[in-house]
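By letter and in written order, the chains are A, B, C, D, E and F; residue numbering begins at 1 in each of them.
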Amino acid sequence: MDSGHTAWMLTASALVLLMTPGLAFFYGGLVRARNVISTLMYSFISMAVVSVVWVLWGYSLAFGEGSALIGDLSLFGLSGIGIDQVEDGGIPTLLFVIFQMMFAIITPALITGAFVERFKFTTYLVFLVVWITIVYAPVAHWVWASEGWLFKDGALDFAGGTVVHVNAGMAAVAAALLVGKRRDPGAEPHNVPYVVLGAALLWFGWFGFNAGSGLAADGVGVNAFLVTNTAAAAAALTWGVISQVQTGRMSAVGVASGAVAGLVAITPASGFVGVYGALAIGAGAGVICYIAVYLRTRIQVDDALEVFAVHGVGGIWGAIATGIFAVAAIGGTAGAIEGNAGQLFTQVLAVVATMAYSFVVTLAILKVLDIIPGLGLRVSSEAEDVGLDIAAHGERAFVSDGAD
Amino acid sequence: MDSGHTAWMLTASALVLLMTPGLAFFYGGLVRARNVISTLMYSFISMAVVSVVWVLWGYSLAFGEGSALIGDLSLFGLSGIGIDQVEDGGIPTLLFVIFQMMFAIITPALITGAFVERFKFTTYLVFLVVWITIVYAPVAHWVWASEGWLFKDGALDFAGGTVVHVNAGMAAVAAALLVGKRRDPGAEPHNVPYVVLGAALLWFGWFGFNAGSGLAADGVGVNAFLVTNTAAAAAALTWGVISQVQTGRMSAVGVASGAVAGLVAITPASGFVGVYGALAIGAGAGVICYIAVYLRTRIQVDDALEVFAVHGVGGIWGAIATGIFAVAAIGGTAGAIEGNAGQLFTQVLAVVATMAYSFVVTLAILKVLDIIPGLGLRVSSEAEDVGLDIAAHGERAFVSDGAD
Amino acid sequence: MDSGHTAWMLTASALVLLMTPGLAFFYGGLVRARNVISTLMYSFISMAVVSVVWVLWGYSLAFGEGSALIGDLSLFGLSGIGIDQVEDGGIPTLLFVIFQMMFAIITPALITGAFVERFKFTTYLVFLVVWITIVYAPVAHWVWASEGWLFKDGALDFAGGTVVHVNAGMAAVAAALLVGKRRDPGAEPHNVPYVVLGAALLWFGWFGFNAGSGLAADGVGVNAFLVTNTAAAAAALTWGVISQVQTGRMSAVGVASGAVAGLVAITPASGFVGVYGALAIGAGAGVICYIAVYLRTRIQVDDALEVFAVHGVGGIWGAIATGIFAVAAIGGTAGAIEGNAGQLFTQVLAVVATMAYSFVVTLAILKVLDIIPGLGLRVSSEAEDVGLDIAAHGERAFVSDGAD
Amino acid sequence: MIKIEAIVRPERINSVTAALEQAGCGGFHYQNVTGQGTQRGVEVFTGRGAQMVRAAGSKTLVVTVVPDDLKDAVVEAIIGAARSPDGGRIGDGKIIISRVEDVIRVRTGEHGEAAI
Amino acid sequence: MIKIEAIVRPERINSVTAALEQAGCGGFHYQNVTGQGTQRGVEVFTGRGAQMVRAAGSKTLVVTVVPDDLKDAVVEAIIGAARSPDGGRIGDGKIIISRVEDVIRVRTGEHGEAAI
Amino acid sequence: MIKIEAIVRPERINSVTAALEQAGCGGFHYQNVTGQGTQRGVEVFTGRGAQMVRAAGSKTLVVTVVPDDLKDAVVEAIIGAARSPDGGRIGDGKIIISRVEDVIRVRTGEHGEAAI
């Protein structure tokens, strides 16, 4: 066991855990004041539900032996994994379990941006359990488990651009379609400082997300840290500048969204590209996701917090860009620029497979949840008007002394 | 010196330090808007006061040689501890001093939840110094110093369930009794997002608290990290579900409180139990602390933020549960389930001793502070009505532009 | 490569990155509600702009070979720095690049406290690029690069008291002078909890800032961590007590400012002094910076958030105190108390040189930006009245449901 | 001139202001208030979520000054926009009408209806 | 009908609303305001806590419309609940009484006292 | 007595209250409101900053009750302090004047002008 690698991975796991509250505030600031608690809870409760699912059967389905398509239940309850069992690379196996758990926690939380302000909370709890089990676990198995078919195909996804972001992005589209438009969409974000706080915690936590995905405190991890920061910066700047040029003002929410878009896009690439690649991927993400958001606001699908436009599109761009900018000297695999055009095809394959699977299965899950008596996807129109904080959680976010 | 263990313990220390501001926001969101600064400061100032006390005489009294009951002053001002002095295990002794300091900082901050909205701030500063010196230091010595009598008895308290939580919980009862009820108790939390932010920072920091208590980046630490997260999740979920079933709504404050209850309960056990134990301890904490809160609201003791119901009861449950679920293969000691029923007795002994000592001595300290001219425990009724932010700190938490 | 040192430095880098959002909230809480987004963005955007500048030419100018005065462009785009290149001490060179980048990000963000509520955002973006290039990079080179003339002179600046704080403090004076007074200065902080949150994140992140500046997880780093916490605590307490004695109330903003002042003052000393030195430096910072603020409010220079009084004066005090309290047994260099009075002179020289250079060049930069058509330093008086959130960012920080 | 003060549900404020503009009343101001009436308020948790209490509910108060002849049109407009679907629900709000002596436009100093 | 506007200390609002209900006035709305009068406001810090200034204090404005005959009862109720113990303290507040022409209930369209 | 309600720009509130005190009116209360009129409001972003909408602007409502004879002085004072430099800008605000039947001081129970 290498105490240094273990030390870093313990830290990285904590950092990734913190991303979920970060996301909670990022999303929470973007909704109406009467739905902020509800929006925070969609993310926060994922820490509770998915953590339990993961240690029971989630990890086993994702990383247990099994087939090319999904793991088995041989590791149910982490059975047989002793505290001294070590992965090659030198960290305890249980630490790998922990690190992967944090990814499983945030992925469904990302989806919630599509259906905030109207999704039924109790149904969401069930959705969390089912979605992790039959969507997240298999896709993670495809890409990261040694038996996974995309892993065998040589698809590059260093830290989860496909497994986490493309996956969540497509599920978001399915959810937005089925839940339907809000009665009154297009509100002003109610608390911009929360958005900035959330973006800051995401940026901070993403260092664990990407620089931890090598499972070691080594050169690859350091490079991942550097390109992660670089891409986030380039994307934030790009988005901000476009906003400034187009409107004469630089939206703080826009800059924060740009940073997130850059972080999403560099995720799959962070173990394979250098600084120049990171600048290109980040700047590209800023432009592409800005346009994606712009177009989304012109269609009828109410993906309220632009999950697809930022995480879906950003993830797709990142996966493809990995195939373009990969540097053999860094991650061992060359990209199109270094003459390995074939990699591009593998990348696209992984993205398309994930998109199709995630979209179809998520659609199916929600359709079923919708018709199960007592569940159903959407709150009553009264609850939606009053706001989910009161209706679903019996709380008001902000109470001044006498009046509010 | 092992750079890996040192790296992790530096991180863990920083994480535990962050728990105190986390607690500040957790508590701060639960009080009235006119007392939020005051509530934040009760915690924040502990970082200032206790840090100084600790490096001067606190550490020496807790971990200096001395007797079975308390250390001596041989390490006053950390005298004689060079920067190269190393603990067996491989971290610098000064790092052990730092890590332990963070525990000393948060423990009295926990107590403040009992007397928010009415305790005199200047008196509190004196209380901090005295309480750390004659309550915290001895109890820490009993349990963690090699000469400590409970340590010798083989009481298991991996990360401070007894020293920190049971201790603070009983002190809270003493304080609530002496300070008396608020003029107008039972208010709605004024800022739920602060409560969620605080809970998130506590959850995050708790990884350092528990996974750092093995003083190494090794299998035991990793296991502690895993069971900590698992118990927090199980407890948050349990509390939330009970709230949903009982009221038809899932209180965000309830879920956050459940998470904290689970973190408290797993604290003493985190070095000794596995995932199943963690699930049991967490779920148990959710149920037991929920009931404790429910009962507390029916009595006349105004422990405003439920310090005893969550930290006291949660700590007691955790200490006992450690004796039940301890797995020899993990922490070297077997629990009742593995046939070592005797351990249960030792655990109960440690809890009872701590409760008695903490309650009696805290009561005595406060009684004395109450009669010292110029001090006194409670603010004037006018100050309580206007709110402590204005009265004690000369500040208003939130000021809108023109009007407020 | 040492995985332990690498693990710690990855963590330390993330911690320092988090200080910039911490500063954003610390500053953001101190301004009017109508300028909070603008204030947050001055800091946040520095993460975007400076990160890009740093990897392109900033690092090269600061740490590339070159002369005694400034580096060269040999490392433009970090060219030639492979992921396996290791610094002596055992961390990857790219990790050193990252760690130093975080310092470059926060330094200009510190300056913004001087001109909040009136500085033109687009001009600020240009200022960031220029200032990092011709002020920060050279000064960092002087003090930290092996060819730097102050480095050769043996000036002690462990973690950037001079390079970061004195430098930013003087630039702040220059900016305040040129931008001029706000139309309506001296407002009440609009959100004290943000100030406390910011101070907490700064305190937390500062452990990376100081304990990481030894580039290793070793005794020196541990000592730096300890003295950092001790000085912050002593200063917060001192400031708070003075405020209590002078006004009968203990300002939370004052305590937070004291903590920051202590952190600033210990920064250059953290690798050289022990606990007693830290107590002296911290307490000194509390007194000196409190007086500095008190005096500043009596002059006409509208350094709105007291950048000079806290960071400038605190940094100067810290640099000098390093020369006084340095302990040979810790950092290898003796201070005046240990008989090496000469060190004091070197310290003063470094401070004076930095102050003069920073002030003059910053003044020049701003004068030029002021006259460039389309730029200019100050927003229109209308924009200043309405607030920069609406005027420059097209956003309102807080929106309640119906009315706001 | 008369002053029309309408207490409405916060979630209706956008339709109410839209209706006001349609009714030819382009000037108004509004703010959140806490209100109670036949409707006893909303259920909220106190403490850690163990028990619930009734708290007066959030409402929005819209105020506009209009010439007498606009009165009925404006009242109609507000009712139309503020009443809950299918015949209204308890808590939809009230409209309070009172007389105003004069209105002055700060910018010009104009008095009376010219200032509205 | 008359409109009764009472400016009271925020910490008194709960007792005031309770008193209103007792006095048979179950309908009202309130909100926080900033107020100044004989009481010059509260002392607060500016900047980093080096100096203090006086700022107008926080008050709560309660508004209720009642039938004329309820007027005195309601005023008594408010005074009873809002006045500080032992004879009142500066800053306890004011009650402002004015005439209302009409009240309409949004839900039903009822006019006049029936709508209260 | 009359009630003077002035809607002004939030950034002017300090000068307005100062002017009120100068004009011999030491009692008032104010609060933030959202207002719209000839001025169509401010431009703000929605969503992720891709598009902007007009939102009603922030204003501050100042209320004071004064004896009739103070009316003109107070109105002048408010206009002087609230009007934008060089002849005023759209959105500077309105002053609404209405009659008050009685004022009671909670502390003493005094009625009428004595209570102001």
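Here is the rule we go by: contacts are C-beta pairs under 8 Å (C-beta built on N, C-alpha and C of every residue); 3 or more make two chains touch, one makes a residue touch a chain.
Just so it is clear, the structure is predicted and the values come from calculations on it, not from any experiment.
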Starting at chain B, fewest touch steps before arriving at chain E: 1
Pair of chains joined by more contacts [C-beta pairs], B-D or D-F: D-F
Chain copies touching (chain B, chain C) - same or different residues, decided at half shared: different
Separation of mean Cα positions, chain E and chain C [Å, integer]: 48
Distance from chain F to chain C - Cα centre to Cα centre, in angstrom: 42
For chain D, residues that touch 2 or more chains besides their own: 10-11, 30-34, 44-45, 49, 52, 55, 58, 61, 98-99
Two or more partner chains touched - positions in chain A: 2-5, 7-8, 11, 34, 188-189, 247, 249, 251, 253, 387, 394-396, 398, 400-403
Interfacial residue positions of chain B with respect to chain A in the complex: 2-5, 7-8, 11, 15, 32-34, 188-193, 196-197, 199-201, 203-204, 207-208, 211, 216-223, 225-226, 229-230, 232-234, 236-237, 240, 244, 247, 249-253, 255-256, 259, 275-276, 279, 329-330, 387, 398
Interface residues, chain D side, partner chain B - complex: 44-53, 55
Residue ranges of chain E in contact with chain B within the complex: 9-11, 14, 32-34, 42-45, 49, 52, 55, 58
List of chain E residues in touch with chain F within their complex: 2, 6-8, 31-38, 56, 59, 61, 75, 78-79, 82-84, 87-99
Chain F residues touching chain E - in the complex, by the definition given at the top: 3, 17, 26-31, 65, 98-109, 115-116
